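Presented sequentially are two complexes of chain A, the first with chain B as partner and the second with chain C.
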Partner chain A sequence: MERCEYACGTNDHRIDRRLFLGSAAAGLAGFAGFNARASELAAAQKRMLVIFLSGGVSQLETWDPKPNTDTGGPFRAIPTSVPGVHISELLPLAAKRMHRLTLVRGINTAEDEHGRGATIMLTGRRTEPGIQYPQVGAVAAKLLTTSTQELPGHVQITPGGGSGFNKDDAAFLGPKFASVTLADGKPPADLLRPAVLTSDADREREALRQKLNAKFAQSRKSAQTEAYTESFEQAAKVVAKANAFDASREDPKAADRYGRHDFGRHMLLARRLLEQGVSFVKVSHTNYDTHHENFDFHIEQLGEFDRPFSMLLDDLADRGMLESTLVVVMSEFGRTPKINDRYGRDHWSKAWSVAMAGCGLKAGAVVGKTNANGTAVTEREVNGGHLFHTYFKALGLDPTKNFHPAGRPIPIADPKASAIAEILA
Partner chain B sequence: MGPLAAISIAIVLLAGARADEPLHKQIDRQIAAGLKDYNKVASPMASDAEFLRRVSLDLTGRIPPASEVRTFLADTSTDKRIQLIDKLLASPEYARRMEEYFDVVLMDRRRDAKVPGTEWQTFLRTAFAANKPYDELVREILSSDGADPKTRPAAKFFLDRDLEPTIVTRDISRLFLGQNLQCAQCHDHPIVDDYKQSHFYGIQAFINRTFLFPTVQDAKAVIAEKAEGEVSFISVFDPKKVSMTTAPAVPGRKPIGDPKFDKGKEYAVAPAKNVKPVPAYSRLAKLAAAITAAENVAFRRAAANRLWAMMMGRGLVHPLDFDHSANPPSHPELMTLLADEFAKHKYDVKWLLREIALSKTYQRSSEVTPRTQDVAEDRYAVAILKPLSPEQLGYSMTQATGLTDVYRADLAKNLTEPALQAKLAPHLGPFVRFYGTRPGEPEGDFVSTLDQTLFVKHGDQLRTLITPRPGGLVDRAGKLTEPSSVVEELFLTVYGRLPADEERREIGEVLRTTANRKAALNDIVWAMLASAEFRFNH
Partner chain C sequence: MPTLNIDPTKTRVLMEFKHGRPLIGCRFDPAGRYLFAASEDDTIQRFDLLTGEKTSFVGPKSWTRGLAFVAQNPAVVPLAAIPASAIAGATTLVRKPAPFTLLSGDYHGKLHWWNGTDDAPKPTNSINAHDGWVRAVAVSPDGTTVATCGNDNLVKLWSALDGRPIRTFEGHLSHVYNVAFHPNGQRLVSADLKGTVKDWDIATGKLVRDLDAKVFHKYDTGFGADIGGVRGIAFNASGTQLACIGITNVSNAFAGVGNPLTVLFDWADGKPKLLKPKDAFQGTGWGVHIHANGFVVGAGGGGQGRIWFWNPADGANTHTVTVPTNARDMAVHPDGTALAIAGSNGTAYLYTMTPAPPAGTPPKKA
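This part shows the complex of A and B:
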């Protein structure tokens, strides 16, 4: 497989190693110098956080309210920290942070089925037979992760299910960039050293393994054997950093601020992982598929969403990380303006919204418009492809470049679309 | 070498293959001709232990038990390697290995959909056990419509791909022609001049009239065909958007035109509601013969190249699905020779594998010497290291830890390959899960992922395998008192070789100085299983 032109960090890696070796030789003072350099690099490193509101959040109860219309529902629109911009009263804390947010209100993804809608939003492309595209997290991990990072670059936190290492979502980018699922925030079982394996035994057998490998490598060495033996060193580093996955080590006050519920805890874990240098984190919040009782459900769900989302924005800004972290709040699609006879809203992909913040974006900007009762886009219509371009442009990359799986050029983002330049800083 | 000898070698080279010369000798001659001073540069022959482990993994999919290593090392007969190759090819493990290898090649670890995996695997295993000619096997796969329960397993290739035209076309070209035409779907291949858009649609035209009956969702669906429908394609590079079509055709061969039928005579069974139509003329029925026809050289090249790659660690044409004039084989004449001889021997798979295994090229050591270290891999101056497949790794782990021997003893006089396999199969699952490619994805480059490494380091499956059990390795080695004998038992069992003096001393020292010998044995066995020497076929 030909290397992607970005081939992130190979030069950085070389420089770092030399710096590290030089510093180590210079003793303790040199070592401190290396740390300063590492933190500089960490600041320059870009990251991405996706908050995926599963099932399809209502744009009318969030970023594009239409009060006092036939489709508007019972909630008011409230002013925000950006004059003239109103969002739903269900997001009072987010409204106070509108000056950090960027809204895209003219999305038309033309796909009302959950799986295919998610594919559009997560890969920036429609489903095609014969080819699977990598998800945004795999692309981000591939392009943003430098070789000095020790933790996996692509992490997703799900409300339930099983923890584990996935194979599918990186498609042709390969399993290295596929996601690690932390179900309910818990790392995969094998990540932690089991109690029956004492640290002494672990150390001793590792030393033995290295000795055997060194002997083998004297006369039999290939890129493959090297990759195999190195994978043990990398794994040891991840295991040593396993605390990164443990949100309970955060300040209890922070846990109180985020909210003592699963989603609050998952968002705090997301902050922790981003701080530890993970390139991409996706947190899913469920379930917004409100065919029944749309309004009650949105009160409940968004009540849970608003606080940790706002706290995380504040924390990233306070830590100086928001400039280098792209935050996106997305769903498979929005919900129908028409309210059905069960007070529900159904799937609606023709006119809906996404909220973003941080890295490379114009803070406080709003792009795209829908008509008076939200049934159609009237200005600056975009689809999943435009959003995908925008994410990577905002992260300082060129999404028109190609990956080369098996020598075949495949553009990073759909060449039929382009970035939404108006909201790029 | 004197000048006369050099001249006579040159004459032999110029004269090409001698009719009576066995293929393995011709392989060696062609390989030697591919590198200046090859015979001086190339690594020596592999040791007996190295050869035994390699050929056991390649032909039976697992490392040899320690008892076999001992017997083979002690055997003084001069033709013992030939005897071994013949024994392995005749064993039921050979059929199992080939079944597993070709299952992955043909189905890319797809999840079972319409044909149960066990039926398909039995079909493959039976074919390889009977040494069914490879072209016949492929014809069965490309001609079964799934309607007859007896031949339905062969239809898995089509059925479990849902007869999806793009995927089926790509995979026919990739697997049976050695030409990945996927990039020629929307236009002539952008990089490969030989691959035309018309080639892609020529293959697709064999299947473009087929569909799954009664529905694609039905698990019992069979392949049905209409009497009409043409492929049409437009190059995305063509500004005029001219629509083109083609009759069914194998790339580079004449399209196969449809016979004309009078109106009303197009069907043997006319389409109607809930009726499976049968056309008077089936395009699909022409596919198997067209692909495997003698004049379609691509088929025998792809077939011979795949078996070569299975044994040698890389194709003469490399990658295997990229056969075209701008990517010539590493040894063009040898590629032609292998392909032609394979066809001449009626696609006798065992014969070809035997000849390859008999060659010096195959039997060379994988130990790099100062002379070989800068020689390109495709010169075959030194044997190529091959990562074990998930199946090879799983079976080798159960063999190395002694579990396989425990099962053998349990089965005692009821020991047969299928009975042993039934006991081993449950242990294989995690290896396939962690080391296999994702379902539907062709095998790619070697990767070593975090989850695999954590599985080895922390997973309870491997720990359970190593755990002492009566008759298992740790138990067996634990009963030996002399550290040197313990080390020997460990090395013969896990690495399939005797320890070097240094290893005997160093590992012996670990055993001598430990306070807890059983724990130390556990650690040593783990370290050996986790080492590169175990992970690769060398």
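This part shows the complex of A and C:
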């Protein structure tokens, strides 16, 4: 049997997590110091939501408009609920909630390729040979999920593609913290009992399994059998909470408020999962890679984004969850100030924006500035590393501490950067 | 009108009018003295074809694409009749043209009135016409009524004199890209993002029928967005045909991978005929015209630009001209001998379609 590549590196953890819903019995031997932190947080459960606008949303059509300039395009900048702060007219509902938002306008990640740009934004680091860093969701799941949590700590809701499990995004943190993908917001595969299997038959089957396991364990108990047992138990907990994955159980009025389209439904599901205690949810909205007819497509895409984003902020606030939930709206980069000959904007990472809200942040704050036509950062330039520090600092954690995969100290966040203190509460 | 001495195969640049910012739309005034070109700098530029003078129309706070005119019996200034010495220089020989009104619609939803011949033009009237972009403006044949359409999915009629609202047409389910009056003045067509062309009775406000131009629309499932729209629209002079131009065969909306297409409707029975470019050109059709000589001319771009000529009888693309820039709009001169292209490179090109002049005559620059 091969040694596993993550965490404690023992032979006890060679379980293929694909066999089980959402967990494997990964030990915590490599993460000394964080169990205590997670239990502290259990009393005040923190969570994180990333809304990923895939393809690179235009900062000029969202958070940092430059109307009536050579780069501004046709849209207005509109006032918001924070005096002196204007955002694009394409986000009228978000503008009314600016007092809940925190904007970072001076981002320079210097990476215009989709994959590498996403890596920077999701791991806080550039792609490096020889090491893969865990994504923010895996880190959040690792540091925020309590031992009593029944649902997976790291969930992705995607517009399409396949559902499943993404072991790579947890890197050395181990498959326990890798994301479970809910494609189009559908529940994990095999979550629900097949119709041909009655609940009585299911109970009898489970009883037989436990009886046979117990007999086997009398003479062959090992770390592996314990791991299998634990995984089955964890899967059973997820199955018992299957309803958490079903957004159709929400009040139909909520579905109306969020919008009866895929992204509205996905955001409603995200709220539901956060309410159920999932530590990290990432919702992707596609797509914003508008090399052609940028303005028409941003009308359409932001028209879908604005309402459910605003409703979700309202709901988190109304439920008293906004103070303990960090919300981040990001892309892999922004879009060129220069408008190309097909009314498009191309990839641009030199001066762009991210919007945040919630836990640990100064609501209504704006940090960072770009010049008059958005072609350069003029004040408080930050990169993905600064943002990564900021997320975990806002969540009340210390991103300068280390993980210790195979005994090697690796800081949670890039030590070359630090948190953006100006926006931390 | 007698058949003009036009040879599409002789189409060539006659004049270039340069502006510092990309152009979005272009139209000739009814007399053909001026070429108006709207720009990404929120202005409309007026180029005097006789003197070469350039005048900025400043006022809108956003882009303009819809341009239309009200003029009383304009005397067309045929380009061929202009002495070469009077073009781009001989200002003392040129009289000021009869007044006319320019109407422009911008992407902040406003409709503006201008005195088209003013030396320092400012809007003389402005109204809030649509919630969102005004995508097109048209004036009725009798000059009394203005039609606008826009991103609020509405089509509206206004008094050309004072902007008083006359009627709103509801029924489109997506952004309305274009609008045109039938030459008989009794019907109005409007065309939207999803390729629905609505034929309205102006007097009653009722929908007469829908024409199907859905070939222009696609929902790109990969990017989760709609692309389409009738980008250019035109009746022939007798109103027996309606031409619509746009993009089709889209395989990648966000990279603009698709092909230009003209759909030519028989007005009587609504049957469409597809006019395709002969070459495998990737881009969007932006302007179309049914010429008095019977051919259809369209223009568009996607990196480079093209002007296509079609024989509607057999749908053949009989000639194609390469334009050095993305052609974002096209207008045909009232005398029918020339057409203008609004270039994404900031240049408006005046092409003549008449047989070539004596060898050695260079294109005139404004």
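Everything that follows uses one rule, which is that the second predicted complex is superposed on the first by the 380 of 425 C-alpha atoms of A that agree within 3 Å, B and C clash if a C-alpha of one lies under 4 Å from a C-alpha of the other, contacts with A are read in each partner's own complex, and residues count from 1 in each chain.
One rule holds for everything that comes next: a contact is a pair of C-beta atoms (placed from the backbone, for glycine too) under 8 Å apart; a residue touches a chain by one contact, two chains touch by 3 or more.
Just so it is clear, the structure is predicted and the values come from calculations on it, not from any experiment.
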| item | value |
| --- | --- |
| Chain B versus chain C as contact partner of A:Lys211, first or second or both or neither | first |
| First, second, both or neither for A:Asp70, with chain B first and chain C second | second |
| First (chain B), second (chain C), both or neither touched by A:Pro152 | first |
| Superposed model, chain A: greater residue contact from chain B or chain C | B |
| Touched partner set for A:Ile299, first chain B, second chain C, both or neither | second |
| Touching partner for A:Lys176 - first (chain B), second (chain C), both, neither | first |
| Partner chain in contact with A:Ala406 - chain B first, chain C second, else both or neither | first |
| Touching partner for A:Ser199 - first (chain B), second (chain C), both, neither | neither |
| Residues on chain C engaged by chain A in the complex (per definition of touch) | 21-22, 40-42, 61-63, 107-108, 132-133, 151, 175, 222-227, 253-256, 283-284, 301-303, 325-326, 344-345 |
| Residue ranges of chain A touching chain C (in the complex, touch as defined) | 55, 67-68, 70, 73-76, 159, 262, 285-287, 289-293, 296-297, 299-301, 339, 341-342, 344 |
| Residues of chain B touching chain A in the complex | 164, 166-167, 170, 180, 182-183, 185, 190-191, 319, 366-369, 384-385, 387, 437-438, 444-455, 457-460, 463, 503, 506, 510, 519, 522-524, 526-528, 530-533, 535-536, 538 |
| Chain A residues touching chain B - in the complex, by the definition given at the top | 1, 129-130, 152, 164-165, 167-168, 174-176, 180, 188-194, 196-197, 201-202, 204-206, 208-209, 211-213, 215-217, 219-222, 224-225, 227-232, 234-235, 238-239, 406-409 |
